[in-house]
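Shared between the two complexes below is chain A, which has chain B as its partner in the first and chain C in the second.
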Partner chain A sequence: MTMRLPPFDLVTPTTLQEAAGLISDPTASIVGGGTDLFPKMKRRQTTPVTLVSLAEIDALKGIRIDDEGRCVIGAGVTLAELADSPLVPAVVASAADAIASPQIRNTATVGGNLCLDTRCNYIDMPELWREASGHCLKDGGDTCWVAPRSDHCWAISSTDLAPVAIALGGSLRLVAADGERIIDVDDFFQNDGIDYHTKSPGEIVVELLLPAFTGRATYLKHRRRGSIDFPLLGVAAAATFDDAARCTGIRLVVGAVASAPLRAIAAEEFLIGREFTDDVIEEATRLASNPVRPQDNTDTGSRYRKWMTPVFITRALQEIASDDTTNQEEEP
Partner chain B sequence: MNRTHVNCTVNGDDVDFLAADGISLLDALRDELGLTGSKEGCGTGDCGACSILIDGKLNCSCLVLAPEAEGAEIVTVEGIADGDHLHPLQQTFLEGAALQCGICTPGFLVAAKALLDTNPDPTETEIRYALAGNLCRCTGYDKIIRSVQEAAVQLREVAK
Partner chain C sequence: MSAGNHTVVGRRLPRVDALQQTTGQTQFADDLNPPGALVGRQLRSTHAHAAITSIDTVEAAALPGVKAVITGADLPITYGILPVSQDEHALALHRVRHVGEPVAAVAAIDAETAERALALIHVKYEPLTEVVTLDQALDPDRPLIHGEGDGQNVHRTAALEFGDVAEGFAAAGHVREDVYFFGGNTHAALETHAAVASCSPEGKVTLWSATQVPHYVHRALAKVLDIPAGRIRVIATPNGGGFGGKTDPFSHELVAAKLAMITGRPVKFNLSREDVFYAHRGRHPVLMWVKTGFESDGRITAMHFKSFLDGGAFGSYGTASLYYTGALQTSTYRIPNYCFEGMRVFTNKPACGPKRGHGTPQARFAIESQLDKAAADLGIDPVAIRVRNAVEPFSTTVNHLRITSCALNECIDAVVEQSGFHQKHGQLPEGRGVGLALGCYMSGAGLPIYFNKMPQSEVQLKVDRGGGVTVYSGATDIGQGSTSMLATVVAECLGLEPAELTMITADTDLTPVDLGSYSSRVTFMAGNAALEAATKVRTRLVEAVAAKLEAAVEDLEVANGRVGVLGDPESGVSWTEAVVLATAATGPLVESGSYTAPKLAGPYKGAGVGISPAYSYSACVVELEVDADTGMVDVDRVWIAHDIGKALNPLLCEGQVEGGVYMGLGEVLFEEQAFRDGLHRGPSLLDYKIPTSLETPTVHTTLIESDDPEGPYGAKEVGQGPLLPVIPAVANAIHDALGVHIDEVPITPDKIVAAMRDAARGGSGRVGPKGVPDFDFGELIRVEPPEGFVAP
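Up next, the complex of A and B:
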């Protein structure tokens, strides 16, 4: 079944101020590369009256290191540019390279990836299918088909960049018609499949700011095929160590198992001050994977994803312990 | 819905057409310009049958809006042969039987060209990753990969 976009008006502002003014209209929607939004519009999951394209705004382009040594990545940077950039931490480049396909990475943007809509087997379907099965909570109905007794939606956060940005302590600069603010990426997301981020609709993500990082970091992505597929599970870890190999700081984040990337706070606290021996990694893995409850709403069953969670957490911790963060997948 | 007058070049020719805002570049190429080589397999970025080059970069034309092509240089499968002389990729796909129904073929040819334009001597793994956005549901991938490898050899010979 072929699908066409619903009708809309496209506006292409050239300044951020202009875009912020246009997006304050509640019937308008931002479009970056459109690789997430256009398929959803074709399936009539959303039908904005106006699309505000960010493609012509120079302020959203480019990657630079600022005076404080932070890596500043414009929201309009494509994933292909990110994957190729010598300025960004290697873990960010390799996470970008593991997203979607070469075609998509040439169009998809960083801002769109961080704002990526949550996904679920019951919503990412053509309109006719959803009509026939009954619209779910996220689709304006009154039942979550994944967890029918639940009062909220369990659609999955599937962005590969967010777990990495959180592990690296990143923040986002948001601009709206009435001002701007900076928010930690960690606080940008919330565990609700419908209201999955805390940004208001009128706010534009302008840049991702990553503090200078000298520790060791990795992102392990699990998926069915070695390319193109969304994550079934993603584990990001970034840590610093003292001369005695004791951990002085760590962030451990599990992606694609809930409606937001999950920080493993208990495991992080346990690891501080410890050397990453096998026993320590085992206990941290237990602490980090226990709260993870994947639902049956993507490729492969939830039990399989639950089983694989400790496997990937252990591998990630072993990698940063041994400084062998050359990357998980054998990509060229 | 607005209509935009779009000027761009397609396979080296200056073209112009009128496009409504919600029309994909794929539909504009096929329906306005009569270039039906690019196919629609899914319309959602999953299959790569609609692959084209925009300013030298591989894209899914089903996910690009026609008005966004303003000023762009576009190459479709119709533009990769040299007149009546097939591109080495087209020739090796034919000789290597790298197609059955052929609906995926234009996308594979354009994606493979995008790879060989920037990497004349790719490893098999590099070819597989470069073609990961293209699905084929009848031939299977081995004949396609072999044909790309053979075309790479031929192109390197020519470049010598």
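Up next, the complex of A and C:
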């Protein structure tokens, strides 16, 4: 019917404190680059009265290495800046470069991608379509059309940065009107398509903090069109090895198969102390993919995404096991 | 390619409107904002199939800023592009037949008001059982979509036999039966549909619309608005892509005109991308069964082809689409005995219609895939089996199609040689493959859509006393460059440059009729009409100058802006002087030309579909790489050769070929207008996946010139044909790469992986439909082959 934005008020605070005060209004919404929010507003999935722009807040900008050697990435950094930055781990830059299109990366932000709303082909649809289908759980209805007997929403976590940030042991600094906190990215998400993260409405993601990392890492993204699409599947892996090529630490994360990025804890535990031989990778792949249950709520169907999960986990583990990996991280 | 004796034809010139387009001066329909224009919006159905029990517009009409609200009752006369399918209402009356069908419309002072008004229209529906799939359409217990009660929703059937297929199969050493499915897809033109209507105080209605067929829209407006056609003017704005998607009269065009008549103010509609997915008229989903008999050397002895078309909610072009799935098999290959049975059903989905290649790409996919299988069975290579059966120039097919110029063999040679096909096929590493396929298409449908004996294209030419030439043609430029084509033909004939001409096109008040930009007819038909008009002008100029120079008419030439003695143009007079001489001698320098296709239809019902004054031919080789574990296909390179007759402007011709390749790649690997129950799976360009420039490979284009005896300067079509071989070439290359058969388009990664897994378990490694319904196509019409027909 229409794809015009509904009317809204735009406020542009210049400090975090000011912004945190403004977003305590329940009819307000944060807007960073707007590449996730505006299409949803055009489809009338959300119609905030006030948009609080983070564009003019200096505290959200820039990428730096802090005294502890951590890479500190402002939530307002664009994905294009992130993809081009020599300061961030190569795996982060390449993951950023695989998000959406150049035009979107020029305006989409790190904070926006980390907080990206979960996606589903029953909700990210025009208004008329949703009315014809019947509004789903995430859309104010009482049924999840993906799993009609389910009591919760199965929309898909589609952020590409979160799996990488979790694999690298990253954390987030959040600021609210009454203070701030730091939370592991791994703990920030929860597997529910509606309440997919633990950020309260009054909190603003300020920074992504990545500890210094000198192991090998990769992020493999699967999508139909390399030019634009959201992930059908994303696998992030970051590991360190001793001189005998035995794994001394690993994080393995599967994205876009649930409402949150999934840590493959059983596989991680299995891999510690082991050399990444073909047999070891095969067993780790089995452990990591077995619990993965993609639903039929994006392109290509659940069966195919289930098939692809072990393929991409194996490829990711092979890549970080190999000596010639191009994603080997240098001391920043 | 040399220009030969031509001064304009054969030159790589930019389009005559290139500067206007690239500097943003071209006025597309949505660029038109007449003073006082109202914004129109349509309320669309949220039901796939339902009875409308009431529509209450009182509240909407009372909203300040709303100038008019109309429903189906205000436009009760039915219409449809084909005279046999007058089954649409501008706004649904009594019943809705697909989600997104327009139900009511408003005109308001701005978009916000119009949309608020839509929310205040209260429609009560009584849902009916949905009919969404082919199987459901054949279920006698489902409700009829058109008509009352229950029954099979069969729109149309066809059953024709040429020669004797039983005899042909009996003579065959090898017979194959295969089943294929081609999923439907849509045009996805960059420009969404838009129209502006106005009504003068005297009651004259003008419609500006992004349409490929202003003449047919003109007729539909006269019928539905119930006013004389002479009180209606239709102006086709330059289309930002058409591809067949703007070839029907549409609800928003009729509704805009009605609202303009009611309000006395201009009314503008601009469809959203979602709306366009509902307006659709795209490629039909077609289930196909094909049985072909071969001699041991690969020669075809007989073919029996069945097609099942899922037509969506309305007739649209469907009757023609149905026949097209069966019509061009014989113009590509010599088939001595041929049987075609086809049927089209109605379903509760947006109506299908014509898309680039209209009904023929589906059959092309099936037949070219089967040919590769047959070649493998017989131990001959894919090139040899095609060369053995390729149709020959100046021949007649068993179903009475007249073939004239044909350089199919030259096309095959070009792509096979350039691609190194023989060195690659069956010999590349696992995961890498090449595939070959051929195609044939019409240079214009032989008959108009409605029966009449008038010319199919008319062109007028006026030369003013200053020498300026104005060309008037109803042909619509949909991005294919038809205006440049007309300028090329006229400029060549008159010794001028295309850019010097003034082009007035696609305006029913100002220009004579051209039936429209569909069926690849414009170069052949409007081009010939323009050539006739220009030739008349040229003759008058030459006669006038000959009289002045006291020279013989046949010793004069018109070239480089002068009319003079052959080989010595300086001997004569300037173009402008010649114009003055001719005008003084014989009056206003105004001429017209026209084109009517020769009578070509064979002696049987359905013979009107597939006939054309000339056929284009294409051959394509695709080289690609497939990731066997993920099913992701990376098309590396495409070689395509196209028999165009004569390239009037090779630059624009190559653009058409490349566009066809790109569209074919999208159809075979990405695109599907798919539904879950009655709901489109994703009416947006994020969910409906068209390839971007990054997914598009290098294309090597070769234009082959067979110099058609009836085409303008020998030219044939290029807009549609080159798409045809691309789709099966990809399918065949995937088989060459991995050994699996994906007998279903689009060939998505999940299907490839499913086939690989099946093969790994010892299965056939085939993904595709298992069979076709047991269906009675009605009495078979047996047609004798044309007199003198010799089986190859």
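To be clear about the criterion, the second predicted complex is superposed on the first by the 321 of 332 C-alpha atoms of A that agree within 3 Å, B and C clash if a C-alpha of one lies under 4 Å from a C-alpha of the other, contacts with A are read in each partner's own complex, and residues count from 1 in each chain.
To be clear about the criterion, a contact is a pair of C-beta atoms (placed from the backbone, for glycine too) under 8 Å apart; a residue touches a chain by one contact, two chains touch by 3 or more.
Values in this document were obtained by computation on a predicted structure and should not be read as measured data.
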| item | value |
| --- | --- |
| Which of chain B and chain C A:Ser150 touches, first, second, both or neither | neither |
| Which superposed partner A:Ile104 touches (first chain B, second chain C, both, neither) | first |
| Contacts of A:Ile228 with chain B and chain C, given as first, second, both or neither | both |
| Touching partner for A:Thr46 - first (chain B), second (chain C), both, neither | neither |
| Partner chain in contact with A:Phe8 - chain B first, chain C second, else both or neither | first |
| First (chain B), second (chain C), both or neither touched by A:Met125 | second |
| Shared contact residues on chain A - chain B and chain C | 2-4, 7, 225-228 |
| Chain B partner contacts - residues on chain A that touch it in the complex | 2-10, 33-35, 38-39, 42-43, 51, 53, 55, 80, 100-104, 106-107, 225-228, 330-332 |
| Residue numbers on chain B that touch chain A, as the complex places them | 1-2, 4, 20-24, 27, 40, 43-46, 48, 51, 57-60, 63-65, 67-68, 111, 114, 122-123, 125-126, 128-130, 132-134 |
| Complex interface listing, chain C residues touching chain A | 41-42, 44-48, 99-100, 111-112, 115, 118, 272-275, 629-631, 670, 678-684, 686-687, 689, 691-695, 748-750, 753-754, 757 |
| Touching residues (chain side chain A, partner chain C) in the complex | 1-4, 7, 121, 124-126, 128-129, 131-133, 222, 224-229, 299-301, 303-304, 307-308, 311 |
